[in-house]
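We call the chains A, B, C, D, E and F, going by the order they appear; numbering starts again at 1 in every chain.
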Amino acid sequence: MFSVTVRDHMMVAHSLRGEVFGPAQRLHGATYAVEATFRRAELDSDGIVVDIGRAGEALRAVLAELDYRNLDDEPSLAGLNTTTEALARLIADRLAERLREGALGDAARKLDGLTVTLHESPVASASYERAL
Amino acid sequence: MFSVTVRDHMMVAHSLRGEVFGPAQRLHGATYAVEATFRRAELDSDGIVVDIGRAGEALRAVLAELDYRNLDDEPSLAGLNTTTEALARLIADRLAERLREGALGDAARKLDGLTVTLHESPVASASYERAL
Amino acid sequence: MFSVTVRDHMMVAHSLRGEVFGPAQRLHGATYAVEATFRRAELDSDGIVVDIGRAGEALRAVLAELDYRNLDDEPSLAGLNTTTEALARLIADRLAERLREGALGDAARKLDGLTVTLHESPVASASYERAL
Amino acid sequence: MFSVTVRDHMMVAHSLRGEVFGPAQRLHGATYAVEATFRRAELDSDGIVVDIGRAGEALRAVLAELDYRNLDDEPSLAGLNTTTEALARLIADRLAERLREGALGDAARKLDGLTVTLHESPVASASYERAL
Amino acid sequence: MFSVTVRDHMMVAHSLRGEVFGPAQRLHGATYAVEATFRRAELDSDGIVVDIGRAGEALRAVLAELDYRNLDDEPSLAGLNTTTEALARLIADRLAERLREGALGDAARKLDGLTVTLHESPVASASYERAL
Amino acid sequence: MFSVTVRDHMMVAHSLRGEVFGPAQRLHGATYAVEATFRRAELDSDGIVVDIGRAGEALRAVLAELDYRNLDDEPSLAGLNTTTEALARLIADRLAERLREGALGDAARKLDGLTVTLHESPVASASYERAL
């Protein structure tokens, strides 16, 4: 099994709903360092899983929809408790949608899976892994 | 599949038994940078795998039992060759026990697995992965 | 010249005033990974610059006043454009005040200087260096 | 499941064939920070997956065949498009061959698998995972 | 004293002239992770040293002239032994020239100095520091 | 001003004397990730501060005298409270002695200074800077 990982980041404000979150119920913020990993059983005829340049552009496009924003006010996130886990899934699902729409060309058709990891601080991160 | 990872560290002395260990048979030491990853198929009603704060506290509690100690003298480790691999399993098993005792609340009942990774230096690490 | 550095982090929301900031004029957020470096020409009788444990506690106390907050609403920051540079100075000055009040014991009297660095993302950071 | 990871690096020149690679079709270069992870269900009688020292030497030996070279001119790579993915597989396969030849002693016979990851820059990496 | 640091990278091929370089006399390559630090005694009226976004663009523009190239064939580097130290100076000087030409606006006029650091591998880096 | 930095690590046991050290008065251990930075105003005729390969070997030789040992039992450290600060100075002074003895060739005669930094954990480090 092969994989390719690209990295980027976004800087957002948000608050979390639920007593379990303690002080994170207050409006605060995070720099999320984001990794997206694309998996594939065999390489394509160019010898790659996906083009690293195009994969990075697809990740940037997904993050740009959230970057420098207060997630509590984003219409597309209405009703979502924007935990690190939930954001990992959201970004993975949006990346998967871009793949289906052709953002990585035909390569996307042979991808087996995708994992998105968000590092919220030097001591905590969350991941979501899905099939493609 | 979702996961959450928390990080902490401990600073211990120990020696290893066995010719394969060469100079590490002498009493020496290590800073182990420790990652604990909790896996779960679906998020709970708060939208999380486990509470990151409580997960960090559970990891701290397990590491506190070893931190700033000479492992060669620890009664609870008697007979154990404290390789990085063996310590990864020990910490994972002790974390699993705390989860069973409720350290992470009801969330622990839905966890699928746990991986503990110990980085002993910039160039070497070991992991142990288990079901929960 | 000797120095000791301790590290911690905080997660805040804020917005920046001024056209130069582009999208960062919107309410967004950041995880600031913070380093505080204490400098001293000679070690004390224990062979240290400052106690690393107490230095870490002093940094934590300063960051706790800002952590998990929207800096735009903090009365103590009223009128301050909370750029990374300005926050580095604020944290350094608050640390210096705690040193004067005895947070690091007598050691603080022999310190020559202090530098605070804030990493706002994997690609950007800012520092403020001052005498003590 | 247990694993041990060792890290090293190599500095090579190469060019890539295929329009998808854009500017990377020109002769350029990379520092590849390389991780090799060895997996095993149970520890051996010394309490290890493999000896970290010997694993590091085996990785060094494999990288030494490529280090400080122009991969476009390497006879053993003739016809190979030396993408990060292809190099990850090449290094994993060469490591596996050394294991079969006894580089890690009898331990190699009980290993279940091997993953090699190449970090080509702070924002991109590729991995290849295989059974042993 | 304040400073701001931005980070980027470039991937180049080159060879070094001189027996001291051993195997690095062969054509090989490197990913240089590059940090550029801008220093200034006082913040401007926006509360910054330089705009982090524009500083990152200026660094990108300088690196783009070298990225994905064989430095041995670059006309603008003819006669230069492209050691890590020499490249740090080259990049610092080219950045300084862009600052003089207005790449960072009026801010550049108040900058006191500039340091460029190139990380060539996980175990080696070189820096050049100059006044502005 | 130019500088070159090389990195390595050592794994030692030790205990610290003095109430200020709390639990670190017990025998424990540390992985010290060590950076040695060599400074020089002008490059030599090869375009370097020092040869990175030889600098790394000199650092390795100094660390090898301490690596995999219990510092409390080292005759050459008798009477020294082996704090991170004190070890940084010890390593810098031993490196300086090797430079005087020719470990880096004639280059050592033109070096202006040397800084040694020891990272004892992800959250704490200490440095010693000296002239040459």
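The working rule: a residue touches a chain if its C-beta (ideal position, glycine included) is under 8 Å from a C-beta of that chain, and two chains touch if they have at least 3 such contacts.
Computed from a predicted structure; not experimentally measured.
Matched by residue number, over half of the contacts between the chains of A-B recur in the interface of E-F, chosen from A-C, D-E or E-F. Fitting chain A to chain D on Cα positions gives a rotation angle of 120°, stated in steps of 5. Interface residue usage between chain C and chain E, two copies of one sequence, is largely distinct: under half of the residue numbers at the contact are used by both copies. The mean-CA centres of chain C and chain F are about 27 angstrom from one another, to the nearest whole unit.
With centres set at the average Cα position, the gap from chain C to chain D is 41 Å.
The centroid of the Cα atoms in chain B and the matching centroid in chain C are 31 Å apart.
Touching two or more other chains at once are residues 7, 120, 122-123 of chain A.
Considering their complex, residues 1-8, 43, 46-49, 51-53, 56 of chain D touch chain B. On the side of chain C, the complex with chain A involves touching residues 7, 9, 11-14, 23-24, 26-33, 67-70, 73, 120-123. Across the complex, chain E meets chain F through its residues 17-18, 20-22, 80-81, 83-86, 88-89, 120, 122-130.
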